[in-house]
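What follows is a pair of complexes built around chain A, which joins chain B in one and chain C in the other.
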Partner chain A sequence: MLDFLGLVVFAIFTIMIVGAGLGVVLANRVTTSALLMAFTFLNMAGMFVLLGAETIAAFQVLIYVGAITVLILYGVMFTPQTPRAYGLFFQKQTPWGAVLAALAALPVIVVAFSFHDAKTVAPPGGDLNALAIAVFNSFAFPFEVASVLLLAAMVGAIVLVKRESPAAPPAAPLRRSEPPR
Partner chain B sequence: MPLAAFIAVSAALFFIGVAGVLVRRNAVVILMSVELMLNATNLAFVAFSRRLGVAGERGSVFVVFIFVVAAAEVAVGLAIILAAYRNRPTVDVDQLDEMKG
Partner chain C sequence: MPVGPFGLDPLLWAIVRLLIAVVLVVALILNSSLLLIYLERKIQAVMQDRIGPYHTGPFGLLQTFADALKLIAKEDVRAGHTDVAFFIAAPALVFTPMLASYVVLPFAPPLVGADLNIGLLYLATLGSMGVLGIVIAGWASNNKYALVGGLRSAGQLISYEVPGILSLVTAVLVVGSLSMVKITETQTGPLVNLFVLPLAFATYLVSSLAETNRTPFDLPEAESELVAGYLTEYSGMRWGTMLALTEYGNVVVVCSIMTTLWLGGWNGPGVAALPILGVVWFTLKVYALILVFMWVRATLPRLRIDQLMSFCWKILIPTTLLNLAVTAVLLIAFPSTLVPVAIANWILLVAFIVLLPVVQQRRLRQLRKTLRARTAAAGVAS
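Take a look at the complex of A and B:
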């Protein structure tokens, strides 16, 4: 009974993830894409709970659904989004892209279905203990490197979006004939 | 729950992201598709971690580091998009062709 229930929940999450993922790619309005992406991430967190990785699911909701979606929405807000006409939406590279993705996907899916009888067993008592012990013992040095990476990314993002002088006009289109200031 | 089911969902989402990167021309949507791909690999990592049993949750540790890299990537990526937009007011990657020949 519990197995069947798990299967139903898994099927629901699968449909939501694949459907919302397709929506991200196919939706013509960027805000719709961003919110569908957040929905995909939320269902992915449910998938992690189904696998018995509650800590990862919590991180997923905090980082992906919270932080990254908000960052992307800020990006949408700061740039003008004009929905492309559908005549321009499907261009000459679209069939090539689709064929290339399908060709690469086929062997991967064949390999995926070759794990016949492998079961996924959730560890008893959650995964927080094992995760914390692994991160702070075997992976202590990569953990420190990751913190340096985050610091570097923060400084880099600030430097990239900083304006040179406060008097500079915002987002003025530079014409090519103009000499650089 | 069989492992193959989780790997199949992961592969499907990953290749949806690949198709998005190849097909869409909006830089912000391309960034979203990259995020989808990263998240699909997270699912594969956790599923294989479960398959291998209690080997110290190694797969989940990798997922934590992927979270860090994804956060850094989206911050720097958006900064680059905004800088390019300030230089030339478009987010269409077809028109961001200043480095061409």
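Take a look at the complex of A and C:
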């Protein structure tokens, strides 16, 4: 009975992920796409919970829903809200997009269906220790490489923001009657 | 066939249990927000030498009930150019993560929704999801005040999450578990974590004030500059859900985290004999912390947006990082005792409090100097 329930939940998550993913690509407005993307990430977190990897699920929601989607929305708010013209401009490339997506999906499908006799490995509850040991012992070097990469990206972002063009107009002078506090 | 409690099928019992829990939590949130709004008004009135609500019911106790009835009975108004779907979805997006947080709060030994192995991480995750609804609310309102409020809250909440989570990690290093129940069980004596990690408590208190949009960090809804921020276009029960229920529900969640991590959760005299007594201790501790929140609100003025950001990135995050590093090193150096950690933390706390005004004044002096130089340069140029 519980196995069957797990299967039903898995099916619901799958339908939600595929449906919301399609919505992300096909929706006309960026905001709709961003929200649907957050929804996809939430459902993927549900998949991780089904697999017994609660920690990964929590990190998935923390990073992708809580940070990245919010940053995307933050960017969307600075863009003008005239969706149709831009949308139609990009819509011309639909056939090419479909061909590329199919090419990328083919190997994934082949690999996915080659697993039909694989055994499911259930972690014995509480994957946090295993994850910590994996990250800081077995995969310490890749972890450090990833953090150096992130640091480089951060320094690059700061340099891009800090660079002042010589032709920039001087900042508006403060009026005498308003001393800075 | 296995039989669960009350002779029910376990599968059916799981669903019934879920329904009961959700109804209980919603009732708890509704009632505690009513009580907290009343307390907020009454306590602020006392601190400002006023009377506060006194007309409806004894001591004005029924005032918030009357307000809630008014909100529920109000017409559902929506301005013409708002974005329908997002406008309606935003209050739910703000409310749901807060509701889900109540699953892991440990009220008493026999009264825990679920003892998740990653309880604290789960709470941090849900805390980071609420900002999505606020940003959507600001965007969907199609109103510049609401948009600026939403943007501010996105920047503020993402920034203050960092010191908040770093403070939590410091406490978790000492306790050695992320499960809320296990964290509570490690602090049975009177020596709770507050005496071991006072600086982490202080930094978490500040960042949780910011994350729940409370004064002095209530910039997303600063009424003197932004009307009501992202709440401008909302009215009726949508407004009630977003402001009253969610804000006070979040305050309760954040204070419960602090109670569990630093004040020993349900532990208190008599709990060993009568476990349900833990609810009383837990509630008392949570409400003591909420009282501090209200006290801060009545005392401090609102910050400016650049002060808010520079305080977070230039002062709070370095402090929490230093605290985390020192705690980790001392825990590895002295694995058997917590005394060195406690001494280091108290020294760091004193240094933080003493140095904070000095650093801020130096920064202000430099800011003034650069601004004067710029003004002088502009004067020469023109």
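For the reader, a short list of remarks on this structure follows.
Here, the second predicted complex is superposed on the first by the 145 of 181 C-alpha atoms of A that agree within 3 Å, B and C clash if a C-alpha of one lies under 4 Å from a C-alpha of the other, contacts with A are read in each partner's own complex, and residues count from 1 in each chain.
To be clear about the criterion, a residue touches a chain if its C-beta (ideal position, glycine included) is under 8 Å from a C-beta of that chain, and two chains touch if they have at least 3 such contacts.
Because the structure is predicted, anything quoted here is derived from the model rather than measured.
Following the overlay on chain A, a side-by-side fit with no clash is recorded for the pair chain B and chain C. Put chain B and chain C next to each other and count what each touches on chain A; the higher total goes to B. Shared-chain residue A:Tyr74: touches chain B and chain C both. When the two complexes are overlaid on their common chain A, residue A:Thr55 makes contact with chain B and with chain C alike. Of the two partner chains, chain B is the only one touched by A:Ile109; chain C is not. With both structures placed on the common chain, the touch criterion links A:Val30 to chain B but leaves chain C unconnected.
Taking every C-alpha atom of chain B against every C-alpha atom of chain C, the smallest gap after superposition is 13 Å. Residues 55, 59, 67, 71, 74, 76, 170-171, 173-174 of chain A lie in contact with chain B in one complex and with chain C in the other. Across the interface of their complex, chain B is touched by residues 6-7, 10, 13-14, 17-18, 21-22, 24-25, 30, 33-34, 37, 40-41, 44, 47-48, 50-53, 55-56, 59-60, 63-64, 67-68, 71-72, 74-76, 78-81, 84, 91, 93-94, 96-98, 100-102, 104-105, 108-109, 111-123, 127, 130-131, 133-135, 138-139, 142, 146, 149-150, 152-154, 156-158, 160-161, 163, 170-171, 173-174 of chain A.
Those residues of chain A lying in contact with chain C across their complex are 1-2, 5, 31, 35, 38, 54-55, 58-59, 61-62, 65-67, 69-71, 73-74, 76-77, 125-126, 128, 170-171, 173-174, 180. Listing the residues of chain C that touch chain A in their complex gives 11, 83, 86, 89, 116-118, 121-122, 124-125, 127-129, 131-132, 135-136, 138-139, 147, 150-151, 154-155, 158, 161, 178, 367-368, 371, 374-375, 377-379, 381.
Partner chain A is touched in their complex by these residues of chain B: 1-20, 22-26, 28-29, 31-33, 35-36, 39, 42-43, 46-47, 49-51, 53-54, 56-58, 60-61, 63-65, 67-76, 78-83, 85-89, 91.
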